[in-house]
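Order of writing sets the labels: A, B, C, D, E and F. Residues in every chain begin at 1.
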Amino acid sequence: MIPDLGKYAVTVLSSYGASLVLLALLVAVTLWRGRKVRADMAELENRLKTKANRDG
Amino acid sequence: MSLWEYANPKKFLTTSERVLPVFWWLSGACIVIGLIWGFFFTPDDYRQGSTVKIIYLHVPSALMAINAWLMMLVASLIWLIRRHHVSALAARAAAPVGATMTVIALVTGAIWGQPMWGTWWAWDPRLTSFLILFLFYLGYIALWSAIEDPDTAADLTSVLCLVGSVFAILSRYAVNFWNQGLHQGASVMRAGAITGTDTEEKVSNIFFFPLMVCMVGFVLLFIALVLYRTGTEIRARRIRALMARERMAA
Amino acid sequence: MKALLIRDLKLAMRAGGGFGLGLAFFLIVTVLIPFSVGPQSALLATIAPGGLWLGALLACLLSLDRLLALDWEDGTLDLLATAPLPLESVVTIKALAHWLTTGLPLVLIAPALGVLLSLPAPGYFWLVISLLVGTPALSVIGTFGAALTVGLKRGGLLLSLLVLPLYVPTLIFGAEVARRGATGMEATTPLLLLAGITAGVTALLPFASAAVLRVNLR
Amino acid sequence: MKALLIRDLKLAMRAGGGFGLGLAFFLIVTVLIPFSVGPQSALLATIAPGGLWLGALLACLLSLDRLLALDWEDGTLDLLATAPLPLESVVTIKALAHWLTTGLPLVLIAPALGVLLSLPAPGYFWLVISLLVGTPALSVIGTFGAALTVGLKRGGLLLSLLVLPLYVPTLIFGAEVARRGATGMEATTPLLLLAGITAGVTALLPFASAAVLRVNLR
Amino acid sequence: MTLTVSDLSIARGGLPVLQGVSFALARGEALVLRGPNGIGKTTLLRTLAGLQPPITGQIDGNEETIAYAGHADGLKPTLTVEENLHFWAEIFGTKEIATAIDAYELNGLRSRPAGALSAGQKRRLGLARMLVTGRPIWVLDEPTVSLDTGAVAMFADAVRAHLGKGGSALIATHIELGLDARLLDLGGYRASLPALDDFDGSFV
Amino acid sequence: MTLTVSDLSIARGGLPVLQGVSFALARGEALVLRGPNGIGKTTLLRTLAGLQPPITGQIDGNEETIAYAGHADGLKPTLTVEENLHFWAEIFGTKEIATAIDAYELNGLRSRPAGALSAGQKRRLGLARMLVTGRPIWVLDEPTVSLDTGAVAMFADAVRAHLGKGGSALIATHIELGLDARLLDLGGYRASLPALDDFDGSFV
């Protein structure tokens, strides 16, 4: 399956590995923080709205 | 309809929400196709052997490392001149992406340098200026996270971005000058020529097309990430403002 | 005790805690070395062990002024001094937290920076070992300096002046280990001496730091 | 304008003003260099120009956090901002005062420290010239960094992180002049470039510093 | 020189604080600002002094006419009382500090370093600074903090003399100064927060 | 645990401040310290807490029994309310923070970073800290600064509950707390300065 990389196999594979890991990490952190912040904001807005309604 | 309408945070959120999936999928597709094409279906280079496959990661990330800084520069200018909050937050959102791209370029370059130049690192002007670019990213990100008030932070980081750009260019020339003093470093200079711009003609079509696909993929990925992260920054700022509001009411 | 350590680590991780700034400083100083002495990799390789040690030492040094001063300013130190925890443990834990958030990351990143300065291959192991053994001493000595200057406004530069001479023995042995290691010489003797300094300093200096801190709290 | 300069110089001279601390730091760092890279004088002579430049740069750097922060804390900056003096002049004068109290003493003491590092004889002249031409740029750039971080508590490490990359061109040209001078090579080209940087930075950067300071005073 | 403020809205920390503030301060007049903690007195005075921009509204006559004194006195502990005053006199281009020294009875303290003054003496020195600025409009934020009654009287006298010479004064304070001054209660200008639903540049 | 102070003299900044202070504080009792600014209340309380040594005199019963709260609250702005309290609970070896949270109505603020609290809320958190120490003698320096009336009542309730459980409290304050407490006016203990002529160890 994997093409013959000759004597540079380690070089090529490790640079692909390192890059893909870094990219995946970046995307994962982005999505994780995005979800968390989105949920936090929704909760806060909800709380303020119910409070505003309660206070009339 | 003016483009500036999207400077309204709420409008930006709804619009970016709609277009984001397109960017995510397109960028994913391009990167996967480009990398698979490049990795599996291109031959080895006659001189560099299979290491030429690294180019599909190295060049797009190097490209985006610089372009991200340029985008931040433009966004900073927009903030300073027109004071649209979204553009300041977009600059903030782009910085970590650009920094990651710089790291990828540095790491792949270093790994590549080992077989090609026989060393992981040489103080070649281009490599050195990339390292300096990375330092500027670090300072920019650190300044953003150190300042409490978001508007103050936006102003200060924007000015830092402007001044930093000027100094980055100055450094680039300084580094060029500095390493010419290196008389014994012919091997480094020859190796440096490999990364020179004139290689583009030498890159034959067989390598060129998958490379293009990868570059497009990286650009799209950058856009997707920045759009998404800008949304996150907008929400984070709203959370801050709402908490201040709650405190004031209390 | 564990509570204090965990709190200090948490504080360092949260935004504004300054975690990572020491690392960035280390990186920058390392980059500045070739800019100042020139890019010839043979020369860089010769000075790499010493340069890296000096860089790590300076990065440690610059992070000291937050070590106790923030706790002093917001009154935490007053409260800790009246708590059932002896002040000697407090300063030891503070030094430990400082090492975990500053010294240890420096040790871990040092090999990457060694690449930048073309450190010879056998040098990596000894560089890491010497930093691993030596940086705790830097944190403990630095805590003493921080305790001395805790009441001063903007005492950063004075702190550096007080602490740098105290760092000399650690630097000498630490750099010697790294240097000998890099050139393939036997390096266990200085390493043992370095370990001796770290052990002695860790055992004794906290008493001095606590005494000084008590005076400053008055 | 003169009043502000005179006041800043007076403050630096009085007890607690921090005059001399920069010098002492420069001295200590220079002394630490042989400890870290080893005592061979041939090696020291090679790295002497660069080492001295780097030491001077760090000494400058560490004195930056008092440059504006003390005036900020006691409200002087607020009052100066409402005075008939443009903030651009204020930051320029502050940078000048910083150079007179930190940069200039470093220039004057550098030859003495050159002896410690066995700097070759032709190097002294060029070392002094390069520092004389280059250190003003360090003060001006440093003022910009200090203005950026003036509102932050214990922002010293962040200040270093922001300022060091901006110091790169100055360091490169400055160290290049000193290095070429020491080895007897022609050094006027980098000296001219260094002078260019100093001139450009002095002419333009105060506007950025003042703008940033205005934002911080809001 | 008249200071005119019309329909001013100001913000602090990203939140609107006061809105619709309008008043005029003519020569020879003093205006005392009142309002509970946190209403925005300090913010308003800093805006008038030009230290921060307003959100909307107009301020006229505040260019190079205002002498501002905030919570901090801007004194250098290692300089003497005289040197401190002298410095500010030179910055503002007036050379004379004798009247200021007399007005706040600082003569006995002339050569004492400011760091060795008690809190009240420091404040007196800070207020004496206003006299050496030569500016017609004084903008004072809680000037009498930590002053005893004698010193408060000195301050009131100084303000009266200033008004008599055609100057004017804008003072935020919680206590009664014994001045014949108009009062402006800021309580009525508290900014109303925007609706929660849609947010623009202000994010609230 | 009774706190007994006999013939205490204390100094601050090298100058004697108070002399001849004597009192006893029994279980279940509260003592309120009064006196003008600068008389030495803070200095006395810090001496009792063991933060500084007295010049002469005797203090008994202050070993590991005192919980001190000064002008600064020792809160970390980036930690949440809960984390802050939890930290102090662990330091003092009590694990329970629920009562403290309830006593000062901090439930709604549990997960808010302390830096995002208003001044009064911060003070409430600082006072809640006393409850997690588990120490019998509370030594409080102006505890009600920046508290509004509701919060002052919470504080008074907390002190009463503490006294009811056999604790005691020593409070320096300028305001009326509504506690049934003895008063001690420090005005009578102002230290007399020694004669100018001959100076010994104290140089005055």
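Going forward, a contact is a pair of C-beta atoms (placed from the backbone, for glycine too) under 8 Å apart; a residue touches a chain by one contact, two chains touch by 3 or more.
Since we're looking at a predicted model, the values are computed, not measured.
J.: Along the shortest chain of touching chains, how many steps lie between chain A and chain F?
T.: Minimum number of steps from chain A to chain F: 2.
J.: Could you find the chain whose CA centre sits the greatest distance from that of chain C?
T.: Centroid comparison gives E as the farthest chain from chain C.
J.: Specify, for the interface formed by the sequence copies chain C and chain D, whether it is same or different in terms of residue numbers shared by both sides, with half as the dividing line.
T.: Same, since over half the interface numbering is common to both chains.
J.: For the chain pairs B-F and C-F, which is connected through the larger number of C-beta pairs in contact?
T.: Most C-beta pairs in contact, of the two: C-F.
J.: Could you work out how far the Cα centre of chain D sits from that of chain E, in whole Å?
T.: Their C-alpha centroids are separated by 37 Å.
J.: Rounded to the nearest whole Å, what is the centre-to-centre distance of chain C and chain D, using the mean of the C-alpha atoms as each centre?
T.: Distance between chain centres, rounded to whole Å: 25 Å.
J.: From the C-alpha centre of chain A to that of chain E, how far is it in Å?
T.: The mean C-alpha positions of chain A and chain E differ by 50 Å.
J.: Where the CA atoms of chain D average out and where those of chain F average out, how many Å apart are those spots?
T.: One centre to the other, that is 47 Å.
J.: Identify all positions of chain A at which a residue touches two or more other chains, and write them in rising order.
T.: Residues 45, 48 of chain A each touch two or more of the other chains.
J.: Which positions in chain E are in touch with at least two other chains?
T.: If we look for residues of chain E contacting two or more partner chains, we find none.
J.: If I count partner chains per residue in chain B, which residues reach a count of at least 2?
T.: Residues 132, 135, 138-139, 142, 146, 178, 181, 238, 242-243, 245.
J.: Okay, in this complex, where on chain B does chain F touch?
T.: Counting only chain B, the residues touching chain F are 243, 247, 250.
J.: Would you pull the chain C residues touching chain F in the complex into a rising list?
T.: 2-4, 7, 10-11, 14-17, 73-76, 78-85, 217-218
J.: Over in the complex, which chain B residues touch chain E? Could you list them?
T.: Touching chain E from chain B are residues 8-10, 83-85, 149-151, 234, 237-238, 240-242, 244-245, 248-249.
J.: Touching chain B in the complex: which residues of chain D?
T.: 144, 148-149, 151-152, 155, 158, 161-162, 164-166, 168-169, 172-173, 176, 180, 190, 193, 197, 205, 208, 211-212, 215-216, 218
J.: Please give the residue numbers of chain B that touch chain A in the complex, ascending.
T.: The touching residues are 35, 39-40, 44, 49-51, 53-54, 57-58, 61, 96-97, 100, 103-104, 107-108, 111-112, 114-115, 221, 225, 228-229, 231-232, 235-236, 238-239, 242-243, 245-246.
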